[in-house]
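So that you can tell them apart, the chains are marked A, B, C and D in the order they are listed, and the count of residues begins at 1 in each.
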Amino acid sequence: MPSVGIVGGTGYTGVELLRLLVIHPSVELTVITSRSAVGQRVDEMFPSLRGFIDLTFSEPSLELLSQCDVVFFATPNGTAMQMVPELLQAGIKVIDLAADFRLKDPDVWLQWYKMEHACPELLAEAVYGLPELNREQIKTARLLANPGCYPTAVQLGFLPLLQQGLVQNERLIADVKSGVSGAGRGAQVPTLLCESSESFKAYGVAGHRHWPEVHQGLSAVVGHSVGLTFVPHLVPMIRGIHATLYAELKQPCDVQALFEEYYAEEPFVDVLPAGSHPETRSVKGSNHCRIAVHQPENSRHVVILSVIDNLVKGAAGQAVQNMNLMLALPESTGLRMPAMMP
Amino acid sequence: MPSVGIVGGTGYTGVELLRLLVIHPSVELTVITSRSAVGQRVDEMFPSLRGFIDLTFSEPSLELLSQCDVVFFATPNGTAMQMVPELLQAGIKVIDLAADFRLKDPDVWLQWYKMEHACPELLAEAVYGLPELNREQIKTARLLANPGCYPTAVQLGFLPLLQQGLVQNERLIADVKSGVSGAGRGAQVPTLLCESSESFKAYGVAGHRHWPEVHQGLSAVVGHSVGLTFVPHLVPMIRGIHATLYAELKQPCDVQALFEEYYAEEPFVDVLPAGSHPETRSVKGSNHCRIAVHQPENSRHVVILSVIDNLVKGAAGQAVQNMNLMLALPESTGLRMPAMMP
Amino acid sequence: MPSVGIVGGTGYTGVELLRLLVIHPSVELTVITSRSAVGQRVDEMFPSLRGFIDLTFSEPSLELLSQCDVVFFATPNGTAMQMVPELLQAGIKVIDLAADFRLKDPDVWLQWYKMEHACPELLAEAVYGLPELNREQIKTARLLANPGCYPTAVQLGFLPLLQQGLVQNERLIADVKSGVSGAGRGAQVPTLLCESSESFKAYGVAGHRHWPEVHQGLSAVVGHSVGLTFVPHLVPMIRGIHATLYAELKQPCDVQALFEEYYAEEPFVDVLPAGSHPETRSVKGSNHCRIAVHQPENSRHVVILSVIDNLVKGAAGQAVQNMNLMLALPESTGLRMPAMMP
Amino acid sequence: MPSVGIVGGTGYTGVELLRLLVIHPSVELTVITSRSAVGQRVDEMFPSLRGFIDLTFSEPSLELLSQCDVVFFATPNGTAMQMVPELLQAGIKVIDLAADFRLKDPDVWLQWYKMEHACPELLAEAVYGLPELNREQIKTARLLANPGCYPTAVQLGFLPLLQQGLVQNERLIADVKSGVSGAGRGAQVPTLLCESSESFKAYGVAGHRHWPEVHQGLSAVVGHSVGLTFVPHLVPMIRGIHATLYAELKQPCDVQALFEEYYAEEPFVDVLPAGSHPETRSVKGSNHCRIAVHQPENSRHVVILSVIDNLVKGAAGQAVQNMNLMLALPESTGLRMPAMMP
């Protein structure tokens, strides 16, 4: 059975990877590292895992990770790029849940992440892990850049329209909303319960790091730079992303049929019946993206509603889906779980 | 001291009116009616008011209400229009917090509210109670249509741009988000805690009753029918509205300065410093609207963020503000309270 | 593969049964009934199940249910007792998630549930489905009374102390707290988000239906009527029960060791290390009960903290655990899932 | 008009003091200090106060504070005791919202707060600011120790029973629950929204600093050391404390009548009708304590339910109430506000 490791397992994407991997039937989790928690039992930090895992956090090291067939990085941006070259050389497949390998242009990386890229020569090889877009390349990838949470929801919502060339590419709008777990597990005043519950706000309107990622993806699809306004908001809940997308159709078309056909074979994209309003809770804990399309009366816009669980399809679940593809396992292995309701 | 009455005091706008009126220094609350709660003490239904009110719910009647100088209707849509004509004839000023007198065209009313209007002859006289737009007419109004919650936040956000003719009026977008109290106090499955907490969704994308109200208001300002896409969402919190507004500027301009100047004298509209992101909690329980304006890099849109408490500036607080104007009291009387934080 | 049916699948225990059964590897869900939703697709009511279930709600009937090996009742109290006799006669095993068969004395049933019991002759036969107490009888049961949510958490917390005769049985206190899903999916004002979030209250202090159930269970263990004060509270969250239990030790003893030993072999009861404070979220979505024991300085009481997910170990999960036992399947089949965190 | 200052105004008790003092009609807030925020405008940190305050955070200094008639300390434990002696010498009245002057015995202080007391000679003089217990001493106090949040709710609930000698003083239980704002505004992982919402837990069962405070207060009332078990819990909400109190009556008595009579003249203690269950939201933002008493069937215990807003009657509101008494203002000045509902 393939052996997998996790570098940086103490944040929310890390513990979500743990939740999925400890019951995955076809891989074995053998290593988990965290500089800050070396020596601590994993289930002491996360009592929800008592009875499911017998590991202790280790110091990250090439020697330790070399035992693995696949290594996940659930680390802050800029960490994976320091270790990936030597892991690849050691023949290990790498899945990075951070942003290090998502942007193809190292200058764009520098501009948005404020650090020089440590291995720009790998950017071209890295495969952007959106299976609905890049399934075949993923299957043979050594280095996989797992997409961001917003970019997953936004791209899955815009893709059918853009690939068919049906909308004005220069005035796309993504009004996106995320639960608080998207901000991570670091101790910060703004994400305290008393600061973020019973309130709603936009943030990063001047510029958010997921803008270049979405812009790169959508522009690649249409073959030129799209015009995209991207406004993220914080929702007083733990999990979930809701993307409300606006585009202007060039000419009338049956958008519902387009989406249903486009995603007909996808195991984790679910196009809802016409007139639906997907709730984020309908994917809470599951790897699904649910999408509804609307053409409101009195409006020149087509409106797409796209929901995911930011920690699953927006992070750890999609990473496992990618791992399954990279290991030639059935794509849904370990991911066939309905959302928790209520 | 002027005497005021409330028809229909058992919903959220009703109890919010109560919260404000029981400590209002210049009016006396003397009557409150509710068909469903006749004979019940008000503070038995709302223990938060114990010690502040000694009234009992009465059957609504002209005789009883005639003792009042001002009557508020906090009733479902379609109720006020049945009683208003006789109240006006009796010389009583009326403030309707429902939608009965907001739309000028009875056909539009019929289309969106699915009932014939009972007194279309009063629609022209009714004053739309947005003080920032209609302050002078409000002062002399007999019949006041208190604006809807979304329409308050959206119009206050768009007004400066539209009055100056700075944006393309045919492609306005209002992506609006409301706390659950906007759905009222009726017992319904979708607004149970277990259905609406820990989740986020859009609703009414095909068409929402606040669309014609906003459309009417904005169109009146620019002198022709504007193009408006309006998408409401439900936020898992009790109070608060956040409007994220998108418009395309016709030419570069200093939007920040425009807004600051436009609202410089307004007691309840607060334009935040450049770069701000207003949180709905910054107005929780207060009558303020806080606004921030952005022109994101990489975007052709100006983005306006406008927040209110849907039950205060979006309902009961604005109604008291209007009452103050109608009674020639200082406009802020009884409304000088900071938001509750946290 | 055994075939199972659900009567009354539209409430929270019903949909939780669905979540567990659609991925259970050793049984097949073939029937689900609901008088109010006949003809509706299950995944239309619960979009979280799209892709997992292809059933439609049926009218409940003996004919239909006779195809099943096991039938779950997720109905209101008083419904199962009307249908159970004929199902048993047809050779079908029954698991009732309501209270119909929990109380052994029909007079006590009448007193607390305000209706005559329809089949008191079955009360003696019905097995109370707390596996940690009655595992052997459960294996051979035809009729299983699945315990209430509070009674599960409270009895698992008190059992070791009472079975060893270590505490004063006449002054037990259970201060218990439940998430709102315990109140069901019916449309009611008190469980609206705007009524029950951001607040905490006790309820039913004068008498709650879980009192006689806990009293019966604990009294049976010690052989006489125990003295029990039982105070339930409503917590502003969806899932979870936290029982804080107080008892006075007759003499000093190592309570930690006692609990660890008592539950050493139990797959779903987890005694935490000394000094722990279990969080309800550590069992959110899982079938575990986590327990911690304390003997505070400055106190004559031993304090037991016991948490479960009211919909899993407190309802649907325990029902599946019981079904596994009744069908001679491994007890944990389909229930090996860590809690969702965060 | 008396001038007041606040030392340490950046935490939750500080900003709540601000909310109350900026609209207090009979005092003027002239100074606010914070070492960490020197030079920052108060309304920049707390936008909810925009339009209500024009102050900037200052460095704390005797010179600055000497301009005030009253100084509030909203600082961490151990800070006030460093500055109080010189303020008193300068003739300034001091109200400490921290614990520095609550415990009469410096050894007990040392044991629970792990630091030597800086001015033990002032402990005897300091008045414990529970107006319902010490109103007369408060009126003449120079140095006031504002009670803790839990101690306020618990003592108000037990006082009538203990003063009348009606219960067994050696087996009192306080099962208390608090909203998360009680944990303060510091950046800590356990109080992040993603860690503390959708969950419930006990904490500090082994020993909590409010135990000695309650123990001291209740023991003083009865004249000997009471037996008290005290178990605090964290509720996933911002504000509110609910104390569930258990005591055994020595003999039957009309507890409802006792409480109603005991608190008949109190402006901020409200005894609810028999059979009531007070909700914490009924005091959200208000200075009231609401109490209900129960004698459940099948129980040997009297159960008292006592709710307050931890930031108001449990901190800043009670401090203002004490200030009013110390300045010979009407006790309710600036505090006549109903709770926010919903």
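One rule holds for everything that comes next: contacts are C-beta pairs under 8 Å (C-beta built on N, C-alpha and C of every residue); 3 or more make two chains touch, one makes a residue touch a chain.
The structure displayed is predicted, hence computed values, not measured ones.
A.B. asks: Considering only chains that satisfy the touch condition with chain A, which of them also satisfy it with chain D?
C.D. replies: B, C
A.B. asks: If I average the CA coordinates per chain, which chain comes out farthest from chain B?
C.D. replies: Checked the centroid distances; the maximum from chain B is C.
A.B. asks: Count the C-beta contact pairs for A-B and for A-C, then tell me which is higher.
C.D. replies: Answer to which pair has more contacts is A-B.
A.B. asks: As a quick test, compute the distance in whole Å between the mean CA positions of chain B and chain C.
C.D. replies: The answer is 45 Å.
A.B. asks: Calculate how many whole Å lie between the centre of chain A and the centre of chain C, each centre taken as the average of the chain's C-alpha atoms.
C.D. replies: Their C-alpha centroids are separated by 36 Å.
A.B. asks: With chain centres defined as C-alpha means, what is the inter-centre distance between chain A and chain B in Å?
C.D. replies: From the centre of chain A to the centre of chain B is 39 Å.
A.B. asks: Residues of chain C that contact two or more other chains, please.
C.D. replies: Residues 12, 181, 185, 194-195, 197-198, 236-239, 278-279, 281, 284, 342.
A.B. asks: Using the touch rule from the top, collect the residues of chain B that touch chain D in their complex.
C.D. replies: 12, 15, 18-19, 22-23, 46-52, 181, 185, 198, 238-239, 270, 272, 276, 278-279, 281-286, 288, 290, 336-342
A.B. asks: For the complex, give me every residue of chain A touching chain D.
C.D. replies: The touching residues are 12, 180-181, 185-189, 191-198, 236-238.
A.B. asks: In the complex formed with chain B, which residues of chain A make contact?
C.D. replies: Per the stated touch rule, the residues are 170-171, 173, 175, 177, 179, 194-195, 197-203, 205-207, 211, 215, 227-231, 233, 235-240, 242, 244, 246, 248, 275, 277-281, 284, 294, 296-301, 303, 305, 307, 342.
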